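Multiple structures are listed underneath, in structure tokens.
Shared chain: chain A. Partners: chain B in the first complex, chain C in the second.
Right after this comes the complex of A and B.
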């Protein structure tokens, strides 16, 4: 009998009463006695030389404690980049410095020039207006193609060019891929843009630096998905503070989508300034500031060629991508278009030859880094779009063409030509499930109904794969990661049998406080209520790498399982002692230790008590207490996959796209809490649909962000979306972690954009419009323009 | 935001006196407060109209006009403007609930955002904008982008809408802000049809006289099909090209007629 609060139970989220009643505790809710407030004077131009910077008048403003400029940080390290990519020619990427405060030059709108610390935020702002700064404007580069032209303005004077790297994957396959494409029966080519996005977490970033002069200890409260990583990066590489003198606390975090992985200048600034003025220093971004300082996502320009034989079998794939890095390298930026993108280019298909080229480019824009899906949506989008185009060119149904090329169920483990090995999957099963839940058979009837109302109805299919459970440390190390990607957990059993789990994962909305106890409850046979999750504080949790890349249950959850196994092993010894039995005869199930084949047993609670009150205890052989730590480094990535279908209606008179239906059949392996999985899929789909139809960070040629607020940057709202039909009953459990889980956090955002675009193209073609691609976002204006540019209709 | 003093008079006279020292009128604050938050204005004194009872509410006057107090919220018009259903529906689709619960008709008209909805209703309905000083005819009120005939400190006290035989507002949403990307208000009176277009033109709300002529001759959705709308002078931004807006002007006009 499954436990009603164990693995597989759809228990309600434990954190919701707190969040829904305003009792969450976010970084901005924290106020340290005596804290001062920081305000950043930011560049309003995208590129310029700071000709002069005079803070004298500002420093005399009311309430000003101190004004900091780049000079104060001359002796401080820059913000480090956590991944070094090696290019096609074996050379390391170009890695420019990333100062905390601008050193002589500003390189994007929002680059911090100076920071005022004052008694109140208003005073800091008032003073910032009195800073006399003279910026000599320089020409800007925002467009990647022009940034790579000879003689282009350079974002970094010290670099040879704006090219960060020219990466080939796998370089040795390049010629074979070119040859296969040259000789193929049919080649489908598509040029496309993966639009730049602003992450827009509901909670803007914030940081409070605190310093205790008596102990020389620093505390940073920050909005982070990975406090330990921030402690390591900032302590070791920026400010030179050893770990034992630096505590990083990330309390409740209100969304991140990747943008709160990275180490940002404001965190280093507040930590540094707190010591300099010997008072806590607090900063909270306002929304406009978030738009121009949070790392953006996506921003690729790609050309993809797909070669097929006369039976529609994929022979080779070649892709060339320009990936925008922005003005500086954000923490994990170089890895996103490479190892999180190139490695996924096989998709679900048995394509023998693949070559991926990526040129990463510096521009005068906000840095770009991982955003929900990170690299995998970019891979999936181009692949699922080009397959759709090929299907149309060859008059094969898009579902059939995909099926013809799926990696078969019996082919796992399957080594792709892009260096990863899929452990398990069943793509026909997810496609079958999709056909059922999306009622693909009934589509033509629905199309006819739409036509009767003057609307063009389209159906779009996509089938994605993603690599989650990031990541085997040795592997990523070999690929240039400057960090390990294991996860940790301490299971602390209390004397009365309740449990605290101290984890290096850190929820920023995923519901770890609900799902992790379900795992513990299941394995220990106790109530989930008896389990508390402690996370987000380097002082209490073991060194862990945090939450992103759909890794928390697969890697963090496994660390918990490993720690629990150690706890159970020790508890068995104690139980054996209490029952005067041999350890080998003791079994543990449903919260009780039993001597196999007898009815003699001792309860979990009694064993826990004995561990902490060791009167009758094997003290010679066993330490008292019941607390174990495990670090788990995954053997492989996990590979969730799924089939998505989107149905749209297009109004040909206005180009307006309405999503009528969206169905998702995902294979996430085993599932801990189906309701939370539903929520993750819903959120991912909303973001993916947002990318496909609405969201766009647009820079003009002067480097001004035109869509820099919610009046112009379109976030999807509930009434823009249909009621989703989702299913996760197709389950091929992961073969290399004990829970058999794969992760579900990013899937929706990865699989949905191509489904939406494919649906719109299908709708337009059904109306006789000769349109085979429109770049995202498919705004009504873009769709109408495409219809009317098409002369074939 | 710079600090400011908030005055909350309870009469129009009190508001006029408070404004005499150079303060700025505060309606629902949906436009003004964001401007202040971004430190784009520093009025020093804000004179709120929210407590002036005579500026709140909806009634019908002797000539059958629907009269809406200058500080009446969009939500109140959506709920209480039933005597002019097209107007009530327009109010009910402005922005989002928060905007409708705070934003006011006076604020909307005084601001005259080129993508706002009320200006189209006022112009198409041939309404009269009453202020503490005078009555201004709709055709004279809107003078350009964010420009009106109001003098500094002049308060919109009431807006008087003649109720047409039939009317409808067709709004194509700008999806981010939920303002109008293009909105067309068609009002059919015994004397003829008036058509006002918002969201499209670089010089703000305007009457589309060719459509008025065509629709006065034949009131049907297809009556505008053959009219051409020139993209010249149409707004060009992230959300729509001039050509696209020109197309929407025709399509939305036709749809408004269909909904009449």
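Right after this comes the complex of A and C.
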């Protein structure tokens, strides 16, 4: 029986009333009695040696409690990297230390040199001005090609070079791919940049370290997507605090998009300093500080070759990428350009031979790590751009060329040449749906209308695939992950039948407090209102890996289902006892246990009460209580896919691009709450369109971030975007999780950038401009320059 | 320190502030009204929008002392005493106009000021008015929808 608050229902969110009335509780809203405030003195130069650091005058300033420098952290560990990549020669990546506070050298603008802890934030900030620091500036490297040249300035003196790793995937295929490309009927080549982005969750990062000297217990409140991961990394690798003495709380978190996965220096600092001064220590980033300390995203430079036969069939793909790591390795940085990028280079297409090379490079810039999509947007962008270029070169329509190469519906499960196996999909179906909702047939008429207004109208298509539901632990362990990627859930049934679900997933906008109860309500046949979700606190939830990589419903949701299955199995035993029936004869549906073939039943609530008031209970065979925990480790990734279409108008006089329409047809498998899924797609599209048209973290040659605040870094605003046309009625359920779900959080950001760029190129070509490519962001300046530089106009 | 008095959400408050204290910090740190958020340091994001004498103001761009003697309404003053949502707040919930919730107080306060000025804005007018409020989660699609629905509900 479909429930009106169960799986598939567009129920409104229970989170909303608190956020709509100012009753959310974000980290910066928390004030611990007696707390002091931290302010970080940060490097203003990108590379330098700390010649002297004198805190005497600053320490005497009003309200200062203590000033910390790198020397205070000499005895603790550095920030750990959670993934070790092995290069194409079998050697481990170069892995430099990442100190909490700078040790002798600074390596990017924003690197913390010292931290002032004072009674008030203003006092801490004022005192920091009085720290006397002399930095001997060194030459900088911000450009990846320059960083790899012989004799280049090294970001880390102790490393042989700025090359973190030279990775080949799959190395054994390299020669075969080269041979296939050399002998192909047609080869299309494209060189492109995947622009560096700043994630910019609206809530800046914050941390409060608290310490109880009587119990030797630490509490860290932090803006994190994964509090257990922070507890493990910070406790075990940085500060040496065992888990039972360290509680990490991630309360309401104002967006993450990847940037709040990682363990940051400020978390370790506040935890460490709280014990050192025996008072809570609070820090909240300014936005400008966030720009130079939050891990950035993307920043790839790529050359891709696509070989095709005379019928337009793809024969081979070869791609060479330089991936910027920044000055240090952020928590999961090495995995993004490798296993989250190379494994997706097959896209939706049956290409028999693929080889991916990635050189990861250290530069004097902020560390780069996962940002919404994480590796998959970079793979999709180059593939969907080179296909578009090939279609133009071969005079085949972009839709037709894609269709000619799609993996067929009957080919699943499909093992790609890049080590993953797609379980299910139907790419022609999503393309069919896109052609319908985007009214592709009516495009030529719209183009004519635009032309009548002096505008060039373009249509851009892309089709993406992503690997979500991260990840099978054994697989990622073999690939270098230093963590498992299962998820956990405890289903705690209360005596009167209501349910608390304690999940290791973490919601920072995704609506888990609404979606997860829908699953529970459906499986138990109770009202969703009877279900509470508890998350974000290591003291109350089982060890879980948090939320990123569109994993929460596919992995975390499955953990809930597995725990529910255990609960139902035990409840059946109790029901059988109550009804004096054989357990094998008891069925459970719609919130009642029934003896099959009879009208005898016992309600869910009565069974729950019996579990906690076990007067009439099989006490010798069964423990009282009704609470079960499950840890679910997925068998495979999930593979959402979709077809996107963007229509733009370009003003040839100014180069200005306007998005006229954007349509998205996604296949997310089964859907729990379609309203929330719509919202996830909208947000992803906005970020992808932002990347394509306006966002860019720009460094100058001295390592200064030129777009370092909201005045200079162009965030998409309401009047930059259209309303979207989206559809997720194409559903091929995931075959290896019980809900048949795939995840939807990153799709929009993955599929949209190539659709936008393809549309602009199409517009320019339609105006007779011989422009093959423009690097993102497609600002009016870049588009105008391309129009006026081409020789075809 | 300066002594200031103002009416905040219908309640008279008097307190001491430094000359440099911004209204947003006064509200958050001294009055405990943490629904007004700080999302940037350049008055770009709008997470701190409150009403001063009935008009939308970025509370990060006003000194607390400048609000002396004024009427201030924050997001905490937009719901009924029993917690019931106002029309705009309800429209945001009904149309999924929020995700992480961080920009939401500013969005609601801006929407209220827009609808005060223009009771039936079209999509373009809403998008143009929201130019001073950043949201990273929703792509604005459902915020626009929410405000249109609120306008319709307010008749």
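Criterion: the second predicted complex is superposed on the first by the 792 of 793 C-alpha atoms of A that agree within 3 Å, B and C clash if a C-alpha of one lies under 4 Å from a C-alpha of the other, contacts with A are read in each partner's own complex, and residues count from 1 in each chain.
Just so we're on the same page, a contact is a pair of C-beta atoms (placed from the backbone, for glycine too) under 8 Å apart; a residue touches a chain by one contact, two chains touch by 3 or more.
Model, not experiment: these values are computed from the prediction.
For chain A, the partner that touches more of its residues is C, with chain B and chain C as the two candidates.
Of the two partner chains, chain C is the only one that A:19 touches; chain B does not reach it. Of the two partner chains, chain B and chain C are each touched by A:288. Applying the stated contact rule after C-alpha superposition, one finds that A:711 touches each of chain B and chain C. After overlaying the two complexes on the shared chain, residue contacts for A:486 are found with neither chain B nor chain C. Of the two partner chains placed around the shared chain by superposition, chain C is the only one that A:257 touches, whereas chain B remains out of contact. Legend: residue contacts after superposition of the two complexes on their common chain; A:516 is shown touching neither chain B nor chain C.
Within chain A, the residues touching chain B in one complex and chain C in the other are 122, 288, 710-711, 715. If you check the complex, the residues on chain C that touch chain A are 18, 20, 28, 33-42, 44-45, 47, 74-76, 78-79, 83, 85, 89, 92-94, 96, 98-105, 108, 123-124, 126-128, 130-131, 133-145. Residue ranges of chain A in contact with chain B, taken from their complex: 122, 125, 129, 288, 653-656, 694, 696, 698, 706-707, 710-715, 720, 779-781, 784-785, 788.
Chain B makes touch with chain A in their complex at residues 1, 3, 38-39, 172, 175-177, 179, 181, 238-241, 243-244, 247-248, 251. Those residues of chain A lying in contact with chain C across their complex are 12-13, 15-26, 28-29, 122, 200-204, 252-255, 257, 284, 286-288, 508-511, 675-676, 678-679, 682-687, 709-711, 715-719, 721, 723-724, 748.
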